[in-house]
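Following this line, the structures themselves.
Two complexes are shown next, each including chain A; its partner changes from chain B in the first to chain C in the second.
Here is the complex of A and B:
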């Protein structure tokens, strides 16, 4: 892999059933590129949580993944409602998800802390009523 | 424990992945909250759940789990079965309730703790 590889996915916000397809795709790509299972797992879980967030909280968005031999970078961009208080959103258990979301298995307020746990760097930029951008980097060890 | 034994202990019916019943698994978790599975589970190979949607299969796939058991005879949709097959995941349904199903597996020796310290 001499050049970094770039993958871009449109994340459909209308269809909960298809949420996670991009993360599945990336998992397959990383596997065929020969990355270690632990690296693949960290990238997949972090991206999947972020992808689900874009679908349930922001009406969809775009996922871009840059794959280099030494690191994998994920950028998730949406034009949803934004996050008014990022520190609060990062707390375990904080969720604004309605009960309808909990009945389909999400909304425990664990996604953002989990994304942080599985990545080496995570930066959230968000503006209310404009949208949210989440950048994550996983170093290949 | 072989997945075949999980099947027997739970009186389960295999929906897909029959060819992987010989795989060894060492721990399991039971949850209807995929958020919690993603956050707390580390090395569990078997997911028991009463939730039926595509995200159950994707969650298990992301975590490299090997087997999903739907309790209370819940049946996955054909789309879910396709997704599981693509990922080499065994899917089965058991007539048992969650509590009983977890108990049988624990008692049967599937009791290694694979959760994170979180």
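Here is the complex of A and C:
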């Protein structure tokens, strides 16, 4: 793999049932590229949580995944309502997800904490009423 | 113990079992999907009452051995089809989650 590989996925915000398809797809790509199971697991879980967040809160968005031999970088961009208080949103258990989402098992306030837990670096840039960009890096060990 | 052996030993209903020979290495119980994503371990049998499509993604991303739907929860046909396509084993029982965990634990 001499050149970094780039994968881009449109995350459909209309269809909650299909959320997770991009993560499952990237998992397959990484597996066929021969990455270690633990690396694949970390990337795909972090990306899944991000995908779910974009569907719940932002009406969808775009996920870009840059795959290098030594690291995998995920950038999630949406044009949703933004996050007014990032520190608060990062707290385990804090959630603004609506009841309909909670009833299917999401909205536990663990999405962003999980994304941080499973990555080596996570940077959130957000502007209220403009959107949010989440950058995550997983180092290949 | 494999998923197939676990299903027979506990007389679990086989909803779909595309990977019968996967080894069950542990167990996890929970219904909050992100919580499960953060804490469940690879190769586990996951006991839950949740039956929406997202359980397939969670099981697939964590590399679980199988999902055991407890308390007789109804499983929609599209979820069964998705699980089959993604290679996710789904078993089911009318027993409550706690009793199911105890029985699984006695075998693995």
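Please note the rule applied: the second predicted complex is superposed on the first by the 141 of 141 C-alpha atoms of A that agree within 3 Å, B and C clash if a C-alpha of one lies under 4 Å from a C-alpha of the other, contacts with A are read in each partner's own complex, and residues count from 1 in each chain.
Simple rule for what comes next: contacts are C-beta pairs under 8 Å (C-beta built on N, C-alpha and C of every residue); 3 or more make two chains touch, one makes a residue touch a chain.
Since this is a predicted model, take the numbers as computed values, not measurements.
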Does the superposition put A:22 against chain B (first), chain C (second), both, or neither? neither
Identify the partner contact of A:76: answer first if only chain B is touched, second if only chain C is, both if each is, neither if none is. neither
Under the stated touch criterion, which partner chain does A:138 make contact with: chain B (first), chain C (second), both, or neither? neither
First (chain B), second (chain C), both or neither: which does A:49 touch? both
Intersection of chain A residues contacting chain B with those contacting chain C? 17, 19-20, 23-24, 27, 37, 41, 44-45, 48-49, 52, 104-106, 108-111, 113-114, 117
The answer for chain B against chain A in the complex is residues 32-36, 38-39, 51, 53-56, 58-59, 61-64, 79, 118
Applying the document's contact rule, which stretches of chain C touch chain A when the two form their complex? 31-35, 37-38, 42, 50, 52-55, 57-58, 60-63, 78, 86
Listed in rising order, chain A residues that touch chain C in their complex are 17, 19-20, 23-24, 27, 37, 41, 44-45, 48-49, 52, 104-106, 108-111, 113-114, 117
Spell out the residues on chain A that touch chain B in their complex, using ranges where they run on. 16-20, 23-24, 27, 37, 41, 44-45, 48-49, 52, 102, 104-111, 113-114, 117
